[in-house]
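Note that subunit A is present in both complexes that follow, paired respectively with subunit B and with subunit C.
Presenting the complex of A and B:
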C-alpha cells in the first residue's frame, strides 16, 4: 500500500572507534578520585576543613617532635612512638573520610552506575579500601618523612644518617600496619549506612568502646589474660604488634610470648574486614 | 496536644530505624565488664576507673547523647521533613522542647540503667544512684548541646565528635583550664559528691558543676530555639 512513512537518514553519527580503557583504567580512576576525596582535593572548602585540621595537627606535632629530637637525642621520641601518639587523630580522620568515600555513594544511589562500567563488583571496595589506607598511610608517613629530613640534615656523620634510615623504615612499615587495620574497620562500618553522620559515630564508637575493655583485662588477676589484653581493641592490637617487633616504648607493656599471635590476629582482622566488605558489596547495589 | 504529637513523631523517628540498635551494645558492654570484673574478684579500685569513668561517663554517655541528640532534629533536617513541622503555626519552643525531652529521656534510660548496675557492682547502691542521677544531668546537658549543634552546623556529628574527643578527651586531661567547660567533669563531680567513695576523682567543685550544667542546658536550649526561628532549609553539603 503506502510506502514506509519514515526514512532513516544517515546523518553521520559515528561509532566510537578509539581505544577502550578497560577495567584497570576504571579502577585507577576510582582509586585516584577517592584518594583526592579523602583530603578534600577538588571539593569545596567545607569538605577540606576536617581533613586539613587533622593534617595540620599531625604535621605540627611531627615538626615539634623533630625539633625536640635534634636538641635532646635521648628523649625517647621515635618514629613508632609518633605513630602511637597520633592514634586518636587517626580514628577521627578515618571517621571523617570513610563515610565520605562510601556512604555518599550509598545515599546517592550511584552504585548501579559504577557497576554498569567494566568494573567488577569486587573492584569497588578494593579501590576504596586502597584509597583510604593510602590516605591514612600518608597522614602518618608524610610527617615521619619530614621528621627524617630534619634529623638527616642535622646529623654529624654518615653512620648516624644510616641509623636514622634504619629507624624511619620500621616507622613507615608500622604506619602501614595502622593504615591497613584502621582503613579496613572504618570502611566496613561506613559501608553499612548511607548516612555519613551515623557512620562517623559508629566508627568512633567502635574504637572508643573497645579501649576500656583492654583497661579492664589488663588488671585481671591472670598474667596470661594481661598479656592478651591488648588484643581486644584495634588500636592496642597494632600497638601490641609494634611492641613485639620494635620493643616496648617505655618497657611497661608486656605481651609475653604472644607476639606472633598478635600479628596473626592483625592479619586475620584485616582479611576478615576485606571479606565482609566484599560480601556487603556483592548485594548492595540493588538498594 | 501539639507537643505530644511532636514528641511522638520524634520517638518514632528514633526507634523506627535500624540504627537504634546501635544504642544497645554500649550499655551492655558497661554492665558486662562490671560483671566480669566482679566475677573474677578484681578490686573495685582497679576496674572502677576504666569501666565507670573511662567507658561509662567518658564514652557511653556522650556517644549515645550524640547519636540521639543530633538524631532528634538533625535527621529531620537531613531528609527535609523538618519543613512539615516548621510550616505549622507553632512557637519554636514547642518544637525544640519536646524534642529535647525525648532525647534526654532516651539517653537517660539507655545510660543510667547500665551505670546504676555497674555502680552497685563496684561499690554500693548509693554509688549506683549517684551515677544514675549524674547520668540524667549529663543526658540533659549533652542533649541540649548536640541539639543546638544540629541547628548551628551542617555536620553536627563531626563537630560533636571533635568536642568529645579533642576537647574533653585530650585537652580535659592535660590542660586543666578546659575542665571548667567540660560536661564530663560536671557529671563526674555530681556523681562523686552524691556518693563520695574515692573511686571517682572529681576535679571541679560542686557549685561550679551544678551552675555550669544549668547554664549549658538552658543556654543551648535558648540558642536552639533562636536558631530555629531563622532556620533556612538548604540542600546537602558537599
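Presenting the complex of A and C:
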C-alpha cells in the first residue's frame, strides 16, 4: 500500500500518543454525563419530556410564589416552604430519573465495560449519586434563586435585601438535605433491578408506604411518640429537620427536644444508603 | 468453588487463542487479568504489571470485549464509544476522534450516528470491538467475539481480529469455545478445561509438518482414492473429503493430474492445517 503512487486509500491504524487523564477527569466525565442524562440532554426528545415538565412546574411555582410574596409579604411563603411544597413532585422525579441513571446500565449490561476501564469500582456509584443529588438540588434550588432575584429587585432598602439573603441560604441548604436523602434512597432502590418500571414503582412505594406510618404514630396518645412520628418516613424525616432548624411552617408540627436526633437519623440514613450502594456495586463488579 | 487451578501459562505478543468448553474458566481468567477478581493464590502479570496491585494501570492499557450484550440501546454508536473513551481517560476531543476512527476500522463509519438499538447482531459485535479499541490498548481481550454471528459475519470478524493483531501492533487474546475458529487466526493457542491447562503451544510449531490438502469431488471419490493410492500418496477419507498430506508442491500437480485423468468434477482443492482439535484429541484429555 505504501508504495502505491501517492494515493492513500487507507491511512491505517494510528496509535494514540496523547494524554491519558486520571481518576478526577474520569469521575467528572461520568458525573457530567449522568447529570445531563438526568435532564434528558444528549438523549432523544422522548427522554426530555418528563424532566422538562417537572422543571417547568417548579419554575412556574417559584415565580408564582415570588409574585405572591411581593404582594402579600406576610403570607408565610418562605423558601423552605417552597421545598416542602415540591416534595411529592421530587419523589416522582427521582422515581423516573434514578432508574434512568443506574437500572438502564444494569439492564443493558454496560457495567463490565465501565469496570474493565481505569474507573474505580466505587467511583461509579459515587458519580451517579452525586449526579442525581445535584439534579434534585437544582430542581429545588434553582427556582429559589429565581424567587430570590425577584425579591431582591423589589426590596426597598439594603436591610430587606440582607433579610432575603438570610432566608435563601437556609432554603438552599434545606434543598441539599432533601437532595441527599432522596438521591440516596432512590439510587439504592434503582440499583437493585434492571427493570426501570420496577425500580420506579419501588421508589414511589418506599415514600408512599411509610407515610401512613407517620400518620398513625402522630395521632397516638403518647406525646413522645407524636414527636418522634416524623422519623418514620424519609420525606417527613427531612421535614422534621426543617422544623427543628427553621420552625414549623404552620406551627402545628412539634418534634419536641428531638431535633438533633432527626438530623442524626437523616445523616445516618444517607450514610447507610451510600454504604449499601457501594456493597451492591462490589457484588455487581465481581459477578 | 474453584474455577481455575494449577494454571501456569505465559503468552508472547501476537494473537493468542484461549480455547475451552463453556464453563472451562475462560471468563474467570479474563476477570483475573483485568484485576476484577483476585486469584486466591498464584501470580499474574499483564503487560509487566500486576493487576492485583495496579489494576487501574492495567485496565488503562487493556481493551476488553465482553461476551454478553453490553451496549446502551438508546445511544448512537458514536456517542457510546466516545463516552467510553472518556471513561478510559481520553480528553473530550481525542475521545470523539478516536471513537470515529475505531468505528471506521470496524466498518461502522457510515452508521455511527444511528441508535445502537436498531443495529443487527453483527453490527453490535463490531461496536463492542470498537469500544475496546477506542483508547488504543496494547492488549485486547476478546471474549467469544463471534457469538451470534452468521458465517459471513464470523469470517469478517475473524479477518478484522487478524488485522488488528498483525497490522495494528496490538496483542490479542481471543477466547472461544470453537477451536476451528481461533486456529484460523491465532499464532499460539492455550486450551483449558475445568480450569486446568490442557496445552499451550505455538500453532505453527504444532502444525507445520502436518499440513494436509483437502480434495472434494462430486463423484468418483472411491476411484480417485484408489488412483492417489497408486501414486504413492497416503489418502485418508473424511466424509466427502479426501485428505492428502502435503509433502511438497508436486503433491498438488499429482492430485490435479489424477483428477484430470479420471475426468472427475473437482469441487475444491485447498490446503488446510491439520485440525488443532485432533492435536488436542491425541492427548486424550480434552472434551472440546
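Rule of thumb we're sticking to: the second predicted complex is superposed on the first by the 269 of 287 C-alpha atoms of A that agree within 3 Å, B and C clash if a C-alpha of one lies under 4 Å from a C-alpha of the other, contacts with A are read in each partner's own complex, and residues count from 1 in each chain.
Definition applied: contacts are C-beta pairs under 8 Å (C-beta built on N, C-alpha and C of every residue); 3 or more make two chains touch, one makes a residue touch a chain.
None of these values were measured; they are calculated from a predicted model.
Asker: Would you check which partner chain A:14 touches, where first means subunit B only, second means subunit C only, and both and neither mean what they say?
Answerer: A:14 sits against subunit C, while subunit B stays out of touch.
Asker: Pick one for A:283: touches subunit B only (first), subunit C only (second), both, or neither.
Answerer: neither
Asker: Taking the superposition as given, does A:43 touch the first partner, subunit B, the second, subunit C, both, or neither?
Answerer: A:43 contacts both subunit B and subunit C.
Asker: So, does A:211 touch the first partner subunit B, the second partner subunit C, both, or neither?
Answerer: After superposing on A, A:211 lies in contact with subunit B but is clear of subunit C.
Asker: Answer with first, second, both or neither: which of subunit B and subunit C does A:113 touch in the superposed model?
Answerer: second
Asker: When the two structures are overlaid on chain A, which partner does A:33 contact: first (subunit B), second (subunit C), both, or neither?
Answerer: second
Asker: Give me the intersection of subunit A's contacts with subunit B and its contacts with subunit C, in residue numbers.
Answerer: 43-44, 47
Asker: Using the touch rule from the top, collect the residues of subunit A that touch subunit C in their complex.
Answerer: 12-16, 18-23, 25-26, 29-30, 33, 42-44, 47, 104-105, 108-110, 112-120, 285-286
Asker: Can you name the residues of subunit B that touch subunit A in the complex?
Answerer: Touch residues, subunit B against subunit A: 19, 22, 25-26, 29, 33, 36-37, 40-42, 46-47, 49-51, 54-55, 59-60, 63, 66-67, 70, 74-75, 78, 154-158, 161-162, 165-166, 169-170, 237-238.
Asker: Please give the residue numbers of subunit A that touch subunit B in the complex, ascending.
Answerer: 43-44, 46-47, 50, 88, 91-92, 95-96, 193, 195-198, 200-202, 204-205, 208-209, 211-213, 215-216, 219-222
Asker: Could you please specify the touching residues of subunit C with respect to subunit A in the complex?
Answerer: 31, 34, 36-37, 56-57, 59-60, 62, 64, 66, 68-74, 79, 83-84, 86-91, 94, 98, 101, 105, 131, 135-136, 164, 167-169
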